[in-house]
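Order as written gives the chain letters A, B, C and D; numbering starts at 1 within each chain.
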Amino acid sequence: MTYSASVVGGSGFTGGELLRILDGHPEFELAQATSRSKENKTVGHQHPNLRHSDLRFSSPEDLESVDVLFAATPHGVSMEQIDQFQDAAGTVVDLSADFRLDTEAQYDEWYDGHTRPELLEQSEYALPELNRDNLAGADLIASGGCNATATILGLLPLFEHGVLGGDEQIVVDVKVGSSEGGAGGGEASSHPERSGVVRPYAPTGHRHEAEIQQFLGVDVSFTVHAVDMVRGASATCHVFPDGPVSKGDLWGAYRGQYEDEPFVELVAGGGGVYRYPEPKAVAGTNKAEVGFELDPANKRLVVFSAIDNMMKGSAGQAVHAANVALGLEETAGLEFQGLHPVGAP
Amino acid sequence: MTYSASVVGGSGFTGGELLRILDGHPEFELAQATSRSKENKTVGHQHPNLRHSDLRFSSPEDLESVDVLFAATPHGVSMEQIDQFQDAAGTVVDLSADFRLDTEAQYDEWYDGHTRPELLEQSEYALPELNRDNLAGADLIASGGCNATATILGLLPLFEHGVLGGDEQIVVDVKVGSSEGGAGGGEASSHPERSGVVRPYAPTGHRHEAEIQQFLGVDVSFTVHAVDMVRGASATCHVFPDGPVSKGDLWGAYRGQYEDEPFVELVAGGGGVYRYPEPKAVAGTNKAEVGFELDPANKRLVVFSAIDNMMKGSAGQAVHAANVALGLEETAGLEFQGLHPVGAP
Amino acid sequence: MTYSASVVGGSGFTGGELLRILDGHPEFELAQATSRSKENKTVGHQHPNLRHSDLRFSSPEDLESVDVLFAATPHGVSMEQIDQFQDAAGTVVDLSADFRLDTEAQYDEWYDGHTRPELLEQSEYALPELNRDNLAGADLIASGGCNATATILGLLPLFEHGVLGGDEQIVVDVKVGSSEGGAGGGEASSHPERSGVVRPYAPTGHRHEAEIQQFLGVDVSFTVHAVDMVRGASATCHVFPDGPVSKGDLWGAYRGQYEDEPFVELVAGGGGVYRYPEPKAVAGTNKAEVGFELDPANKRLVVFSAIDNMMKGSAGQAVHAANVALGLEETAGLEFQGLHPVGAP
Amino acid sequence: MTYSASVVGGSGFTGGELLRILDGHPEFELAQATSRSKENKTVGHQHPNLRHSDLRFSSPEDLESVDVLFAATPHGVSMEQIDQFQDAAGTVVDLSADFRLDTEAQYDEWYDGHTRPELLEQSEYALPELNRDNLAGADLIASGGCNATATILGLLPLFEHGVLGGDEQIVVDVKVGSSEGGAGGGEASSHPERSGVVRPYAPTGHRHEAEIQQFLGVDVSFTVHAVDMVRGASATCHVFPDGPVSKGDLWGAYRGQYEDEPFVELVAGGGGVYRYPEPKAVAGTNKAEVGFELDPANKRLVVFSAIDNMMKGSAGQAVHAANVALGLEETAGLEFQGLHPVGAP
């Protein structure tokens, strides 16, 4: 059986990534891609990797009935159009921040005024490693924020396996690629200004802290830097456990958490060039690399987590969640293993 | 039916690319990967995109019997070991320059002393767009040089469809990524020296001219520049036809040549950001993008051709040829469509 | 004696480069920088390398009287405001294309309708290597196009010293950085789309052909590619002389032309990593590197020329010309020798 | 009066940077550059920005008598050759780690066995912002580690002005360019492997912690990441003060510390693209940019510090210290203000 799918907002970066995944997905058939600004143009006009496709962008006003609708629209759009989305599809997967948080109070603390707060508790967070059971059969799914996803995947085993209790000091220093800024551009995102940067673009107060707080139950000190790559988010979590922690404890926690996960790879030490998680090792894939190192001199534990922000941090996570929701093979459409070597991904 | 396959020289860049393709190929089962320097290490130790694999490098001295052996060894190695390769496998695909040329005289003009010249005329050039019929059932296949491949794919329709006769002036200005230099490194390939370059690394006398001459029957003025990407080769061919050429002639030639080819995309003008062939649009794929523009003021035709040097220019071409040789679906294992956006690929 | 100077259009890239040079120039005192969009902001707000300066952008409506006015405005602006510029300053150096060509007919062929054609023959082209004698005392100076500058410097000795006659086939394949597109940005210049490209952005018909034609008296087949750097233009000139040319002829021509030039470096072969001209070797400097290689098999001569498009190709050339015009030390303010190693400059 | 100077180890990256600075320094005359591997080659053969120079590398065995000798040799070499260095020059500035620490015990904790421990307390740390008074007249000067320099400059005002007491939790997350790895290269530094990385290369236990501990009297949790640039070190210091800290306190501390410093720029907020310290804004210069942001929700203070690791973090610091030692203008030879825009520096 094949499921029909549509992408609302298909001309943006995450919309294009959804189109790419769905185009190669064995169980989905891509029925519609909408774009107001690129209406009637082929999807390949905007996304050169889709030049082989005949599909043309249609107006977002005319949604076809499909099994699954993926919304890749800016924050605030989905909450306005959620009725149309749900009329069109039994399963809606939203990639914006509109349905990630559980309560209106949380939302208001970090964003501005939710118009459909009653849906917040009905929606399911898309990250299967965190929320697999609730995703089965879900009809409204919220794909997580990329930086939050990297951080949560790095820290989750420590909380789940009792290494941390919740009162510890945690600093998360994130490095991200330019695709996080979206397709719109602007002076700071122009190539001359954005090339080669190590730029503190969200020194404090990044909204993804809200998701981390919601799921890990802990406040983290969060800072995001722009660095010179297009795809990728790398979270380095500096953690100060209350008591002694051994390498064995850590391997136990991480293996216990992730050994059956198809998209999490543990990378901690060993030889060779790639000893710790790196975003370029997972570029284009739905994988997260997670690893750690102990710093006994400073009673510190350093956790590294690397993802492709457009995949595990957005479109890939969304499709993975849809696979779970519909009972498909979890890895369907997400089998790409990445490239070596590869440049700034 | 599944075919067993091995990769000799699996720790290098093209060897790793072969391992990646074969790992995901529906008809091949990867039986062996050899590496003298990395013997007993997992393939994922060298190639982080293969961390999910249990395969370990074995010694090149102990070749297993397989259906297809891919040799990704430095120039000169395969001609020495061809007997062992052919003992081990009914089909041998060599990625070096050892068997690309047809005659000993040609070889001696560009390289140094062939030890098995009698095999030169028995081997088949791997490029299906050029040599599909002869590849069926071939037992010794020579994968082409990346810069030659890009150039041949760009110019071939002009000769096949009578736009050029063979006496025209042709300048080919190629831009390539750092993976062409292989995994070995060296001062000129170190990141501080190689970053951001536009470096004439083969101003004249590049050996790939030999392949171009052999297949197109024409001498081209060939210059190769290193630019800042890891994967990719882009050939800009400045051609001076004897008489007038129209856009219609060109579309006729290129469509006539390539309309049924699964791996060649015509890209010539139109709007949007991606109007002509670009290597980053095909990074990680086995596609070639080919396009052109007329310059009536200078009676010039400019042809652009872009490939991933590690794929269409090497490992992907090799697997494509093996698919043809064994009668498999041509695109098997080579379905990846590439990413958008992507950085320096 | 110190000369007062102003920069009209100081918030753009070349305007900022002028500010940087003038700020460190021993003979100029920077009196004014104008910017309509950044009026009243400090120059360091726009150009972080000028944070030490107290200067603020003023309105372009209120020009102060100065000795030299540099206009770094978009094409078409200077011809409209030239009277105000000349009222404000005895010496005007324009960085746009408005006064580069000699005749209205030439201008109309490549651009659209000149409003002050009578000034075309009065203005002097800024390149001292080409036009030093006429620059002395000049009151209207037109700084050349960056790609034209690189090309002219590469080919000039061949015409001046009789290696070429003017009827030869010449292909010029240029690779440029993203700063050529200016500070404005746009989708094609956004970091995600512009990173890692080898993009044919002006396959044919580039306007700089006009300048080359004007000064070398020859039509060249000209193609410009965008590559991944911010600063830099590299011109590879494929030249087909009518008769035999020796290395000695070439060294004679190039040394004869450039041995006393303070800003031209001959780089042709030898060992080490940097054997031919490279833009990253001259990034931030006013230098041009020029070199060549013979290709006897194809009766071809390959000439390489590399500059920083913002310096020798624009702001540096402008200041150099002003130094000549005023009788100053030619290298004044332009002494920076560049960095090694350096990334994508 | 002019001082003669020599550079021992002139073919490496920091050696080349010293040559560049001294070549343009108004008070120094470069008498000798040594290199064992490049003996008799011109300095421009190795460093293309020095092609205008006639100087050739000489053997390190034959040191000329000079006023100041700069040693840019690998760790461990200077302690072996310090007698020859001091015989040759009244002032020796060493760029290795050999003389940075004060005691043998400290040295042994982080390095292996000092052969001349009695010199440790005689040497002076080169950072004038920290140690100006002791540098005057010093005859043995140790240029600091780049990552330590960035960190110390970021945190120093907090300790000097009572914002921190010394018991606070401090995490320092550093991002560095590839030139830190030196000219030698190796697989991890090759362009294909090093491009586009966010690579935790020193997750814990980095030796520069020793210098930070020595000068700030505090242990910091230190992690270094390799990112895609050639030059630059950016330190993000996550600090948790015991009590409340206001923006006013911070501006007071930072202005109080640095307002008269010629090479420290405070960059904290404001508008535009460059709101916080960034290494590309100081590439090629001896400047440090320092800034901060408060995170009241997490009772955190985030300090940013950015330098060019080859300049303020090495060769520039060394020349600055020599200027101080000899009573010269502090900024002599170090006036370059950097470029805008610039790519990956």
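We adopt the following convention: contacts are C-beta pairs under 8 Å (C-beta built on N, C-alpha and C of every residue); 3 or more make two chains touch, one makes a residue touch a chain.
Keep in mind that what you see is a predicted model, and the values were worked out from it rather than measured.
Put simply, the chain farthest from subunit C by mean CA position is A. By number of C-beta pairs in contact, A-D leads over the other of A-D and A-B. For the pair subunit A and subunit D, the distance between C-alpha centroids works out to 38 Å. Centroids built from CA atoms put subunit B at 35 Å from subunit A.
For subunit B, residues that reach two or more other chains under the stated contact definition are 13, 177-179, 183, 187, 192, 195-196, 228-230, 278, 341-345.
Listing the residues of subunit B that touch subunit C in their complex gives 169, 171, 173, 175, 187-188, 192-193, 195-200, 203-205, 219-223, 225, 227-229, 232, 234, 236, 238, 240, 273, 275-280, 293-295, 297-298, 300, 302, 304, 306, 341-345.
Those residues of subunit B whose C-beta lies close enough to touch subunit D in the complex are 13, 177-179, 181, 183-187, 189-192, 194-196, 228, 230, 343-344. Interface of subunit C with subunit D (complex): residues 13, 16-17, 20, 23-24, 41, 45-52, 177-179, 183, 228-231, 265, 267, 270-272, 274, 278, 281, 283-285, 335-345.
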